[in-house]
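In the two complexes that follow, chain A is the common piece, with chain B as its partner first and chain C second.
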Partner chain A sequence: MAVLPPDLDAANFARFLEELRGAVGADWVWSSEDDLGPYRDSFSPVWNQAEERHASAAVAPADVEQVQAIVRIAGRYKVPLFPISTGKNFGYGGPSPNVTGSVVLDLKRMNRVLEVDDKRHFALVEPGVSYFDLYRHIKDKGLKVMIDCPDPGWGSPIGNSLERGIGYTMPQFRDHFGASCGMEVVLPNGEVMRTGMGALPGSQSWQEYKYGFGPDPSGLFAQGNFGIVTKMGFRLMPLPEYYRTGLITVPRRRDFVKLVEHVNYLSDSSLIGEAVYGSPLAALMGDKAFYALATRQGGPSDAEMDAAASKAGLPSWQVDLQFFGPEAATRENWEYAKQRILADIPGAKAIDGDHFPLPATEEQLLNTTQPYKTGIRRYGALGVPSLGIWRIVSGNGHVGFFPVLPRSGEAVFEMQRAMCDGLREFPLAGRFFNATTAPLYWHSYAFQMVFAPSVKHDDPALNAEVHAAMKKAVAVAAEHGWGDYRAAPIYQDDVADTYSFNNHALRRFHEQLKDAIDPDGIVAPGRGGIWPRRFRK
Partner chain B sequence: MISRRDLMKWGAVVPALVGGSARAMAAVPEGLDALVVDSRHAPGVIANPGGVRVLRFDGDVTQLWFETLDPLWRKPGFVLGGITGRDALFVLETLSWDRGRRVVSRKDMPGRSGRMDGPISWVIAPVHPSVKKG
Partner chain C sequence: MRRIMLLVPPLAVASLAVAIFGAEGVGGQTAQAAVPGPAAAPHVVKADLPGRAIFEQNCAPCHGAGPGDDGAPMLPGTMTLERRYQGEIPGALELRDDLDGDTLRLFVRNGIGAMPMFRKSELSDADVDAVAAYLKATAEASAVK
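This part shows the complex of A and B:
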């Protein structure tokens, strides 16, 4: 399906492509339908529908100068560019743009690991560097740092962090944008800017002090469309000496409130890595009567859930805890966690898990030695990139809605109930929101839940249901003060619309900035729900 | 797991792939350099067809890709055939795009009792000038 950039005719598009070829070489510009296949979102719920967003071409520059040249050419022809780093944003739009006819600016050739310092604990990379690449570099050089990687490991520190993606180690590292430190950006006018200490010529602390002086605009480039990031620094965890796990279970539904408070304390005191919550009662969801109870309108009572738990001989909740550091510190921290929680919650139990020095062996990474059923995926937990997560993908993939909620047991109960009730018309939602749904503790200081229904290219009816459910989920959540943290281009306007305090003051501010910096929408118009004047009705 | 009968049917496909006579091979005249076999679908069969190197994995392609394919795909050449589940092909195909490669042949193979839920046989070859040989 050949498409043209907005407001450009075929003859001018041909001229534009010729100029791109002049800038980067003919081999690195693609516009045939076949060549653009990889730039479609194969996880899209609007696959082959009018709403699917298609690129008109793709271009892969080799260096910053070529990025600047492309931006200037695009500026002359008013062609929107859609920058991607490794382009693996599956579940959130893949490599496909917000605006049909955009040219994907594929930064995969800019793939140098520029620096990894294992004394000052940081990395500086280009956009095409994947987590696998960074891991390989660190391993090959024997550097004593650990990365924090998302699943699957084929994504990139820059692409993932610009989506505010997450990983699975200590709080200050698994918020990937939060762990970034210093960036270089090609602005919509083609100029190169550096943030923080990078703005000070001769500074040696670009990856150590992110603010520099004055306002720090780096936040504008995450989920935003104010520039093309060509270098970015990341704080890295010094390779911990030792790793330890332990499991806590609590018997009653309400015990979750106290459990969460204790785990918040442990996490905010930097004593634990990602805490993985779960409800052993989820195993009962195959039973029709229990399913009906757990998804009942208005939610089940605590007493009913407790009765079901005691009938099944299961605890209501559990949390997998992880400890990093010197061996003695991990032991003491686990002892402390046990004492603290068991002394406060009657009937709480603790089971010692695995413990071993790092780096882990292959067997330890496969997590076959944990003495209990665990929710921890070891590769991610220990910063080893993997593609193994692919086993959870069914159909042609899924779309993701991850509402943010407060870190409290009450908030968890409320989201279970409100989302389950609000999405009742979509049978596929009950699996995601019910009285056994546990929160995800991916972000450092907030919980999320997950709604990620699968799609199938050859089942438009299913995809339409998923699409409608996604939109409804955004709306239901917003009614309760919960917002999505990240969304595919086809949902970004819906999500941005919910962040509407004071008559959309935030969006209006973003629009003012966009109009000033990029009025023609050369960089990813519509990304983050931010449209320049040219594209606003 | 697929039946013995299905495995026999594959037996006919693999030599066609490897021998270069099948229509599938038209786009890859240089023939295969290796064959990837997904052990979930082919336990213990297809040993060294036509002398071609066989790379096995069990559904998770991480190790295979990280240790073997990624370094090979960074260099010109290397035509890879495969008999894998759809999920593994999706992952390998997506990774191959980044290295100037494409799936140039793709064939559904019958699964259990003839249903089309079986593995896929495929060929990934270098197509971009930066990795094409010669």
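This part shows the complex of A and C:
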């Protein structure tokens, strides 16, 4: 065994492992270096470096009772546990823990779809259920609901939502934690708690009314370390009758301000699904002169960008719109969107896109018949899990920094400029932050941008540059009031540090809670930047 | 001695990635190197073995023989292998008869390139052996050597 848990000697670790074997069976406890290899973060920029976090063992329970038993054993030995669902949190740490020596609590075997109701539109699942599993269950049973899934379908609804992951359909479903309703949690003392209506014995509305009565602590378990979620409910969209797409382009750089305002209106009125922004001018980034313009210190002027667009014969911005619902409603909503935007932005154009009844055919899913070049990834847009997105993963993967910014064109321009200038010492950054960078409309009420440089296991110099750039990106963004939404364990302290209003009042509150609930740090110490007293320096 | 080929080779691309998601460009299509291989998906005769379901649920989303998403000619793992082998041997694993359980396990447990490692909790050693048996039988049934 390569590492030991904090403050535990080898003899006691051996006794601890023996107790785990007694709880779950010898086949489901692993501590050899070979078996622990897959619990490393394969996307790590600190691969084989001192900063890399390693597990001392892994244990895979079959049910809630075994989770409770493991937590109680860990409590006796003061061994930190690091729960994972399907362990596919790539770009944000994968299955690796915050604290070296932690035991990974691998919940993959708890993989039951407990309920899917296509009349009341919800699902209740265990942590080991993947989006593939849930989709297959719905298809096999012919249920009339649609899931909202992230790009790679091997992740789990529970793990993804607890990371505040996102999808690509309607606003009320894209925010996966926001679309959750009711959870079961094993607390650090081994007790089982249910939130919302789940706390009321005999209630039949656990997945329909998330609050119950009194404070709702469910938010503490997202990006937190206050318990181990063993069941969770999710709202599902009734399978829409029809799907329609359309593209709007606008000619000038400054037109983006109005375009965003219109799309905000459409989205907040629940008329559209995810709007996918892009700049056709990104196609010019291979040209040296244009690249220099788009990444120039202080940013280019509108006139310069407009001249480049005019010369290339390209619009400055575009947005892919998507409509779900009855056929007539999608048609009318698209007509309304066109009229509203084209009447207000001179030179704006609209192109009708693919439209068809749902569920989509295999051919429609392949997305090869759009009459224009679309930014929509259709599998995700229609809630069909896939791994097709892996085609853009290079090297040994990447890390991800996704700063949150306001939904305004001005804010987009400001982030383009400030992040490009602030990361100028890292040549790789210009590809992510430049005057053509479009915002992501993943979360329902905010924009994000992306910084996701690739890493390679056998190139420590590259990884070190990426690592330094990631830390600098967190700092530069915070100087402008932008914060990351999600981070790998090696960056969680950096990110948590930036949420510092009133002398870190939020972190101090979390620490007070952690000290009260889990002073020895049995559940994921350090996750979310929250450290219990035992581990605070 | 039978030659063992890598399942997923390191990608021969620039060390610093073109951005994921954001820099894909307005078309949403990442520029890809030319991919040799059949214009249409190869004909695969799937063997009726227990490994089929395991393969389809765990491997096929990347290594299946069908087309990729959003106009990509192949799925990511298949495309990567197709690029590497340049037609010398198939990129689709279901057309490979040279992958025994130990070989598969080497890559499943250690990962390679963009492919991460798989844990025993999600894919047991017995599962990997079942996939190997399925691949061999499928490749033979599909008459590709």
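In this section, the second predicted complex is superposed on the first by the 536 of 537 C-alpha atoms of A that agree within 3 Å, B and C clash if a C-alpha of one lies under 4 Å from a C-alpha of the other, contacts with A are read in each partner's own complex, and residues count from 1 in each chain.
Criterion: contacts are C-beta pairs under 8 Å (C-beta built on N, C-alpha and C of every residue); 3 or more make two chains touch, one makes a residue touch a chain.
The model shown is predicted, which means the values in this text are computed figures rather than measured ones.
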Answer with clash or fit: chain B and chain C placed together on chain A by superposition.
-> clash
Given the touch rule stated above, what does A:A58 touch, chain B (first), chain C (second), both, or neither?
-> second
Return first, second, both or neither, reflecting whether A:T86 touches chain B, chain C, both chains, or no partner chain.
-> both
Report the partner of chain A that touches more of its residues: chain B or chain C.
-> C
Tell me which partner A:L428 touches in the superposition: chain B (first), chain C (second), both or neither.
-> second
Scan A:V450 for contacts with chain B and chain C and give back first, second, both or neither.
-> second
Just chain B (first), just chain C (second), both, or neither: which does A:G155 touch?
-> neither
A:V393 contacts which: chain B (first), chain C (second), both, neither?
-> both
Return first, second, both or neither, reflecting whether A:P38 touches chain B, chain C, both chains, or no partner chain.
-> both
Tell me which partner A:K108 touches in the superposition: chain B (first), chain C (second), both or neither.
-> both
Which partner does A:F132 reach: the first (chain B), the second (chain C), both, or neither?
-> both
List the residues of chain A that touch chain B in one complex and chain C in the other.
-> 38, 42, 86, 88, 108, 132, 136, 153-154, 385-388, 390-391, 393
So in the complex, which bits of chain C are touching chain A?
-> 10-11, 13-30, 32, 57, 61-62, 67-72, 75-77, 79, 109-111, 113-114, 116-122
Enumerate the contact residues on chain A facing chain B in the complex.
-> 27, 38, 42, 86, 88, 108, 132, 136, 152-154, 385-388, 390-391, 393
Any idea which chain B residues touch chain A in the complex?
-> 59-62, 65-66, 70, 87-88, 90-91, 94-95, 97-98, 128-130
Touching residues (chain side chain A, partner chain C) in the complex = 28, 30, 34-35, 37-40, 42-43, 58, 60, 86-88, 90-91, 94-95, 106, 108-109, 132, 136, 153-154, 276, 278-280, 282-283, 285, 318, 366-368, 373-379, 385-398, 400, 427-428, 431-432, 437-438, 440, 449-454, 456, 459, 462
